[in-house]
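One structure follows; several queries about it will come next.
Labels run A, B, C and D following the written order; every chain starts at residue 1.
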Amino acid sequence: MPRPISLPSPAQAASRLADAGRRFYDRGWVLGTSGNLSAVTSRRPLRLVITSSGTHKGRLSGREFLTVGGSGTSLPSKKGHPSAETRLHLEIVRARGAAAVLHTHSVWGTILSDLHAADQGLVIEGYEMLKGLAGVRTHAHREWVPILENDQDMPRLASATHDVLMRDPAVHGLLLRGHGLYTWGATIDEAERHVEILEFLLEALGRRINHGHHHHS
Amino acid sequence: MPRPISLPSPAQAASRLADAGRRFYDRGWVLGTSGNLSAVTSRRPLRLVITSSGTHKGRLSGREFLTVGGSGTSLPSKKGHPSAETRLHLEIVRARGAAAVLHTHSVWGTILSDLHAADQGLVIEGYEMLKGLAGVRTHAHREWVPILENDQDMPRLASATHDVLMRDPAVHGLLLRGHGLYTWGATIDEAERHVEILEFLLEALGRRINHGHHHHS
Amino acid sequence: MPRPISLPSPAQAASRLADAGRRFYDRGWVLGTSGNLSAVTSRRPLRLVITSSGTHKGRLSGREFLTVGGSGTSLPSKKGHPSAETRLHLEIVRARGAAAVLHTHSVWGTILSDLHAADQGLVIEGYEMLKGLAGVRTHAHREWVPILENDQDMPRLASATHDVLMRDPAVHGLLLRGHGLYTWGATIDEAERHVEILEFLLEALGRRINHGHHHHS
Amino acid sequence: MPRPISLPSPAQAASRLADAGRRFYDRGWVLGTSGNLSAVTSRRPLRLVITSSGTHKGRLSGREFLTVGGSGTSLPSKKGHPSAETRLHLEIVRARGAAAVLHTHSVWGTILSDLHAADQGLVIEGYEMLKGLAGVRTHAHREWVPILENDQDMPRLASATHDVLMRDPAVHGLLLRGHGLYTWGATIDEAERHVEILEFLLEALGRRINHGHHHHS
């Protein structure tokens, strides 16, 4: 479902991402400087505004963002250095044409990404909330959320991310094991909506495991 | 317990519903643009102010509301289109004489509506909190919360809602499976109170299942 | 541990109780107009400022309070009527010399008051948090929290409350089954501290039941 | 990883610690006047700004702090008396060269410190969030969190704390049984980050125990 997208200026992107960061922090999804947030401000040449490494995601003022080019290195005259995971953002932007990539780090995402690691993913099915994912029209939708083994070797992790995005063209997000969620959108609003939806569904899945029942069995 | 009701203006209704939306959002009950909120502003002809489809329920400014007539189509000169679930709101308004209808989408409502789907409802009994539901005078009250199978065919779902409301005249709310809660009230305040009470009770039910005990057994 | 207490004016008491109500509402402890809050403003004659019945405890402005005398009836020229549970507040004020009585209605208080009803109370022991209760000097303290069967007959419930307070002079709070917590203090601050401590401990007890372990076994 | 540290003035330290206290209170980590917060304002002579005993940690204005010297007694002309646990703060400052020491008191910290007391500690391993701890470079890091038996004899508890810090030079925090978490940092920001990380990980550990699985088994 392509639609014309008006890209934000770097200042607009930073302001809007800072608002999202504050809301994620309030819900405990980016504690301890975890998480990172980016948005595309130009397609040609590719320019990405992204949180610099180690910043607090609940108190972003706009100055904690860097602009990076397509190679993932920050442009001259900028202070700080971009998040180590910038390569993953760029893989997602390229593979999906996304305008924003958001990474959160919730308790439920951490737990479920580990419990289901042996399956290399988990299925979410039968929930009305799925209809908030772009292009999904019914709660009967079966969403596959791939889980990648966590890795401190960023080129290798970016390559694994690329492979998953190519293999599973329908996914709306992915989990890194013991690490958290990556999702994206055609706008910053859509990406934030995807975070809320996927974090909600992970919480629902995590809480119902205790009940010893399986969904729609 | 009928009482004289002074209906709000469309602007008053939108402002008051926006406040409720913000509070529901803070509690995680309307994430990802889920949920929808409406209030009656005129009985003859019937006029309903309702959130337009796909809006963020935590940041409503008043402009995201539409006025619809009794057929569920929005009045001319309005932007956006009404929530797909407008028909359900209208069924409830007509069957109950409600002045406000609120739909939330919590984690516990999602889980319990699925766990109890085979019973087509769940019982809440013995809790003092039940006394906050209109007309309930004692914690010994036995509240039946019907669960309807979720359905993307809105006329069919509206018809099923109608049937449940006719069959169970005493219910204060209903659940759609894997989808969430609908409740209503003689005023917007009463409807919001019913949301808080029913969401509280669903959470209490959901948390105690883990303990392997049954209430008042 | 008696200490000289300077009682607040009715306006000061209402303002301070409204602040506490807002904080309890934020934590989900007084949803759906549940809970009630009172403070003594005069000893001779006894005057109690108390939330009027059915008010929202998260948005108190000060006007939702009534002044009642020792018989529990509101003084002339006041609007609304006092909480049905005013008698319980008066019993506690008299039996304990309390200057403030706070009633909250949390999910964990609701669940635990039902799970332990057959024992007519529950024990909290070994937690450092207990030291925040007035007069407690060590985490080794054993706190007994009586549980009373819920009752819509207020004189009978007030009488049962009186009996429990006489029988268990050391208790800092009590639970009504399926209903919630009553606690109190020599000042409004102390009463609010007792709410936070007892609600915290009830949550800790409730969450650890799932783990199938017993405390300090 | 030593780095040059510019110590804050007492007023700066109090203001910054008050902000942290408000955030901890919002998350329920310092309820009921629990917890205490300190920061070093001078090394020679050693000066520590610390919350005075019994203050509310969510509403600190700056006046609730005392300055203590290396012996733990407050300097003349100050009102109130320092937290009873000041000795523990001083042990940590000396053993670790910390510039800030923060003590929180969460539900999960309380539960886990008791469940694992017999092991005298717990292991956290395999989580990306661990990388936010100072000096940790990979999620494969194995963090040992010692648990000390709670004790009202402060000299004895300070001595036990000293022994643990000497024995386990790599630890970033420690738990007192049924009491809560102590952590620290080379700056107040780093100490607050450590609180968020360790509280997050304790919650993740606590929630997954219910699932009957072990991490990375």
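As a convention for this text, a contact is a pair of C-beta atoms (placed from the backbone, for glycine too) under 8 Å apart; a residue touches a chain by one contact, two chains touch by 3 or more.
Everything numeric here is computed off the predicted structure, so don't read it as measured data.
**Student:** Both chain B and chain D are touched by which chains?
**Tutor:** Correct list: A, C.
**Student:** When chain A touches chain D, do the two copies use mostly the same residue numbers, with over half shared, or different ones?
**Tutor:** Under half of the interface numbering overlaps between copies: different.
**Student:** What whole-number Å value describes the gap between the mean CA coordinates of chain B and chain C?
**Tutor:** 31
**Student:** Any idea how many Å lie between the Cα centroids of chain A and chain C?
**Tutor:** Distance between chain centres: 44 Å.
**Student:** Give the residues of chain C touching no fewer than two other chains, as numbers and ranges.
**Tutor:** In chain C, the residues touching two or more other chains are 210.
**Student:** If each protein chain is taken as a node and each touching pair as an edge, is the resulting graph a line, ring, star, complete or other?
**Tutor:** ring
**Student:** So which chains actually touch one another? I want all the pairs, not just one.
**Tutor:** After working through each pair, the chains in contact turn out to be A-B, A-D, B-C, C-D.
**Student:** Quick check on the complex: what are the chain A residues that touch chain B?
**Tutor:** Result: residues 27, 126-129, 132, 137-139, 189, 193-194, 196-197, 199-200, 203-204, 207-208, 210-211, 213, 215-216 of chain A touch chain B.
**Student:** Quick check on the complex: what are the chain B residues that touch chain A?
**Tutor:** Chain B reaches chain A through residues 28, 31-34, 56, 105, 107-108, 110-111, 114-115, 150, 152, 176, 178-180, 206, 209-210.
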